[in-house]
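Heads up: the structure comes next, in structure tokens.
Chain nomenclature is as follows: A, B, C and D, assigned in order of appearance, with residue numbering initiated at 1 for each chain independently.
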Amino acid sequence: MKSVAIIGGGVAGLEAAAKLYKMGHAVTVIEKNDQLGGRLNQWHALFPTRKPSGPLLMQLKEQVCEGVNIVVNAHITGIEKNDDGFAIKISNNRLITANVLLLTTGFDIFEAERKEEYGYGIYENVITSVDLEQLFKSGNPILTAQGKTPERVGFIQCVGSRDEKVGNPHCSKVCCITAVKQAIEVREMLPSAEVFLYYMDLRMFGRHFEELYKEAQFKHRIQFIRARLSEAFENPDGTLQIRIEDTLLAKPLKMNLDLLVLMVGIQPQKKDGNLVDMLGLERDSDGFLKPEDQYTAPFKTGMRGLYCAGGITGPKTIEETLIEARAVAAEINGFLSRRKSFIGHEQFVMEL
Amino acid sequence: MIDFGYKIQTDRQIDYDSNDRQILEFVRRGEPSIDWCMSCGTCASACTAAVTTEYSLRRLIILARRGMNREIVESVYRCRFCGKCFNACPRSVNTRNIVYLMQLAATKISNHEI
Amino acid sequence: MKFDLFVLPFTLGLIFLLGYLTVKYTRWYFRQDKSDRQKVRNGFLSLKFMSALREIFLESLLHRRIFMKNRLLGFMHMSLAFGWFLLIAIGNLESRVYEPTAANPPYVPIFFKFFHANPGTFPLHRVFSFTMDLLLLFVLVGVILAFVKRVYSRAYGMKRTTRLMLGDRLALTSLWLIFPLRLLAESFTSAAYGGGDFLTGSTGNLLGSVFPAESFCYPAWWAYSLALGTFFVALPFSRYMHIPTEVVLIFSRHFGLTEKSKRTSFTEIEINSCSRCGICLDTCQMAFAGGINTIQSAYQLKAIRYHNIQPGESFNCLMCGRCESTCPVGIDISSIRMITRNELNGRTPDPSFTRKPVSLVNQADVIYFAGCMTHQTPAIKKAMQTVFKEADVNVWFMDEAGGICCGRPMMLAGHREQADLMIEKNRSLMLESGAKTLVTSCPICYKVFAKEYNLDIRILHHTEYLLELANTRKIKLESLAGTAVYHDPCELSRDIRIYKEPRMLLGKIMKLAGTGEFEKDNTLCCGNSLANFSASNEVRLSVARDAVEKLTAGGAQYLVTSCPMCKKAFEKVSDVPVTDIAELVSKALHKHQAHPVTVVRKKEPSVALELHGSI
Amino acid sequence: MKLEGKRRLWQEYQKDIATDKFFYVRSCVRQNFFPAAEQTFLRILQQTLGKTVYENPGHTTCTGIGYHCDVVPLNTTMTVVARQFALMTEAGYENLAVSCITSFGLYTEILETWHHFPEIEEQTREFLRKATGREFMIPKNLAHASDILYKLRHEIAAKAPFRLINHITGEPLKVVEHIGCHYSKMFPHKGIGGAEYPYVLVGLAEALGGEIVDYPERRHCCGFGFRQYVVRANRGYSLSCSKKKFDSMEPYKPDLIITNCPGCPYFLDRWQYVVGEMEGKTYGENGHGIPVLTYEELVGLALGYDPWDIGLQTHQVSSEPLLIKMGVPFDPSKKYAGKKGENIGRPAKPGTLKIDMDALHIHESILTS
């Protein structure tokens, strides 16, 4: 039996693990947190269908609950490449060996505090899209810091995306549609509130995205303003004054909001302990892992037997991530069946 | 000439081909980052001058791209050079140098130097 | 009267030089306005004249300031300037003593040995020839040092040296030739006719043993005279114009002349006083951190002098003032740069902003002017508001909804007239409020308030104001853990020199770490300077990176500054948290309570608030 | 421009046009603007082509001007139109031939309205009954007069001694066609060739040997737009629209402009004079303007009618340069002579636009032939 180790138990990792297991390989999923599911755990509902994320998360977890080795709370201390594959050292002195290593470590969320002028962490009523999603998940009502029901909520796009000043020149791809989805959800929870969405470009590229955008306009009366926020002010009552240019009218505009939601972007993992640097892999100009070839070898990393999928190579929707996971499983399967020389492993998690 | 009591109105249409893009070309030579602008408007929303006068750098850059030089000269001197736009720009456009060079271009055009 | 044809190149050169300088300086004198001419006239009759003479001796001859910056360089300048001066002075004395009654045109002492090859009858002749030889040697050492500097400036610890122009090359070559040729002429004369001392005598003996000294003697004197003549003719068109002009500059400065907002004769004097010694090149951050080597003061002054100023270069300066503080001649470079920028622009101001009321004036004790930039660093603004509340100050937040800008950036853009309009507008609003104190968080605003606003109310940067509140017990500060390194923003340093207050204030809160050499007058610019228009973001980032590296080399836990621009610049590149001094003060106020946000959170545990903690 | 693309459009937008037995309704303003044009239409159909055309002296305005100036309510308009239909029904005709583009557009609009809202038609019948006691039938065929000349274009061409060809060089004349806005912009399927590239005048001109020029502002309105022209203060706007068209067509050096609307030929003709007086600018050759003809005048010329009989002397821009190119003989001395040879008066000479014959190189042969 050939073995595959998958680092990262999120959407990509779990889907790839299930498929590889079905193809007859020994699979180990190594997850740094105490539970599987990755970013999906933070999410309440999916775009553009607005289906709850729970069932998908459940399905992803269920399909690996039998047969796939799961290692959680795993801090990787070192990875060695040898002729036979990889030896992965993790915390508690354990060693995992595998013929193939798949990286599905995902991405980081932009730290909104870094846009000081937007006031996250300084003003009381500035939250991020992740905060809002968790609030939806908690089932609690939306309240301002003063405990009031907000009458005006604004969504600011491109916080930490398309912004060279914070080192993220790329588009995070999913925030436009996420903002539309969240704006609709806010309107549904607060039918009397006004909801504004401030955008540079609305990138409704996916299937049914445009329809959701139109629905937000005519059904939910969400107001779209083409603008990018320069700075927010806090009023004495804790509400916020934002200052923008209404670019379609070429006039500066100020307005008060009770709650400001920052659509935080997706950025490459760069903190200490990230595997891209640990393995000495090449990063692209946007900082994400550079695949061998964007078209012909999107899952290869330039190191034999080392594959990647999902958010590690750039912002992706869940749909795209799932497709990548299936595709990378097929590719790994092909690779393993061509490599007869590999020694199979029965027991590939060792206590050192 | 007869006064008919009404006049021929000038076209509101931007006549792209009869406009020259001298200011754009001049600025571009000194400050290539003018081409990085994506018209997001962060500069104009941060702008100190825009609060009290009709002024928008985003618009100025578009005007330059369309060759509407007269309109540029009308408003480019309203900039205070405070530099907030430079801090705010997500594309690292060297905003103040663009304004400065637009002013310089305007002077040079009026002196027939370009 | 002694005369020979070969003295003509020297004599004609000297006449040309003196004529040129007389015309030039007279013109400068008369182009000054009445009050400046008055100052000059009064100056000659006052004690200022003596103090100027003293400085001329110390700086123009001894080059004391260069000596203090760089000993080798100082010695080089001193040996050339002071040595040559003594050669001329003692040479004159020598010829006077030798022939007290004869007419003594300038060429006689210069070519003394030609006319009096072996003045044996002269009682002190041994002393004089020894002294003159010694001085010649002194100068020759200077020439050798200058030659080494030109070829290998690193020997002087200089990474950069100025580039030469044609006039400079001619003057430089003739200058370097003067003293070796004098040596040759005097040595050949000594070999042929005797009379040489330890240097010329022994060189003469050596040369005389190889060459026919008598026939080489006369051409050598010709060559010496030609070198002198060439140097004198080339001098006004070269950097060596600084030699006479620096003297004029020292007098003018002592007589009370300064730079104004427009170009004056004083500007011309300053421009012509730059020797392009190159000391400014290495202090410039745009050079050592930004990799830009065309905009430094020596080059700018040269470009202005030869009417070759490029806007792209003029506007590519951080105006941090580092070069100015190291300039051995003390040229007011910042003012000259501002004047140049004004000259490069040509348009009447646009007063459209005055048509709309900017803000309603509130009657208050204290005006708080955050400054444009502070609106992009809300943490500073919020900290100040917290402090004002804590100290219960009757304050008017003048630019709460955005002001019309203090005017300094407009001045830096070379629109002085427009800036004046803005200053006047702000000024009238400030006076109307009846406040006694003006506090700003922005050093850029502070500088223009202090220098241009002419307000009879106290103007304080928040570093000063917060210290005052702490000292008068209006606010109570607790100390915070950690060590901090304080960065002096350019606009508060050098010219303004607010050094003590921030350090005393910070000292009340945190342990202060040293910044090594890069503090106070030698502080570094953050790279985000508003004075610079041309520099790309990359250049600015590399200036910032370099500065942060130097500032945090000591391993402080916080990089503290007191300028929103510096904070913005450093934040992007620093691994160490960057904070404004006001933020720390605000934190220190609440040491025993939790952060204000947290307080509310405890009272009302609403979900939206808990979210802050979760991220 | 790809001709196939235009042909595809032309094929798509076709309609039935009757070929005989017309009930003709005149235009209000054309009788003032170019009084001979409608007369010429009747002459062509009745005398030259031998068709039956009936006119009822009792017919009135369709109220189109009032309707588009927002002073006549729609119900009134529909009742007045219903009365025209009643006159036709009473006379036993089924094919309505409309002289005016706005009337044509209005009839079309009303018929479409009734088609989709039969209750409104019923209401109108009720109004008409109450007001006049008349009944009416919906016309079997509704056509603009230019549609009819288009339909009969080959018949006309076969009989025409003159063609839109420069008789000296043999080159086709360059024709700018301008279609009235109300012809097909509201109901593209009711116009020959649709709204973007109407074929009605193109077909007519091509049948007579002319070459149509496409210019960028071809689709721009002439500027008549009732609200604009009627208010004097807005007239500059109207003028500017025409000027935009002139500036755009000028580089193509058109030999003539043909139109099928009451207002367009009038404005395209008169504004050339006004532009000349305001800016000293003329658009034709040698300081002349570009001659502007109605579709009837064009066909009349081709059929060899005397230029002064079809009313070309009432045009501001002199049509002589065109006549010379086509080889149409004319007598300059009779230009301002009435039927009995009396002097009908002539307009004052414009300051800029040339109308005098001296500037023309007139071939003796043309004048005498």
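By our rule, a contact is a pair of C-beta atoms (placed from the backbone, for glycine too) under 8 Å apart; a residue touches a chain by one contact, two chains touch by 3 or more.
What you see is a predicted model; the values in this text were computed from it and never measured.
Colleague: Can you identify the chain nearest the overall CA centroid, using each chain's own CA centroid?
Modeller: Central chain: B.
Colleague: Between subunit B and subunit D, tell me the centre distance in angstrom, where each centre is the average of that chain's C-alpha atoms.
Modeller: 47
Colleague: Using mean CA coordinates as chain centres, what's the gap between subunit A and subunit D in Å?
Modeller: The mean C-alpha positions of subunit A and subunit D differ by 67 Å.
Colleague: Just curious, how far off is subunit B from subunit A if you go by their C-alpha centres, in Å?
Modeller: Comparing mean C-alpha positions, subunit B is 40 Å from subunit A.
Colleague: How big is the gap, in whole Å, between where the Cα atoms of subunit C centre and where those of subunit D centre?
Modeller: Computed from C-alpha means, the inter-chain centre distance equals 82 Å.
Colleague: Would you pick out the residues of subunit A that each touch at least 2 other chains?
Modeller: 117, 164-165, 230-231, 243
Colleague: Which positions in subunit C are in touch with at least two other chains?
Modeller: 375-376, 402, 537 - these are the residues of subunit C that touch more than one other chain.
Colleague: Do you know which subunit B residues sit against two or more other chains?
Modeller: Where subunit B meets two or more other chains at a single residue, that happens at 46, 51, 84, 87-88, 92.
Colleague: Please give all chain pairs that are in touch with each other.
Modeller: Pairwise, the chains that meet the contact rule are A-B, A-C, B-C, B-D.
Colleague: For the complex, which residues does subunit A have touching subunit C?
Modeller: The touching residues are 112, 114, 116-117, 119, 121-125, 127-128, 130-131, 134-135, 138, 140-147, 164-166, 230-234, 243, 259.
Colleague: List the residues on subunit B that touch subunit A in their complex, please.
Modeller: It comes out as residues 38-47, 50-51, 56, 58-59, 84, 87-92.
Colleague: What does subunit B use to touch subunit C in their complex?
Modeller: 30-31, 33, 46, 48-49, 51-54, 77-78, 80-84, 87-88, 92, 94, 96-97, 100-101, 103-104, 106-107, 111
Colleague: Using the touch rule from the top, collect the residues of subunit C that touch subunit B in their complex.
Modeller: 311-312, 315, 344-347, 349-350, 352-353, 355-356, 358, 372-373, 375-376, 401-405, 409-410, 412-413, 415, 418, 422, 528, 530, 533-537, 565, 568
Colleague: Where on subunit A does subunit B make contact in their complex?
Modeller: Residues in contact with subunit B: 117, 158, 162-165, 200, 226-231, 243-247, 250-253.
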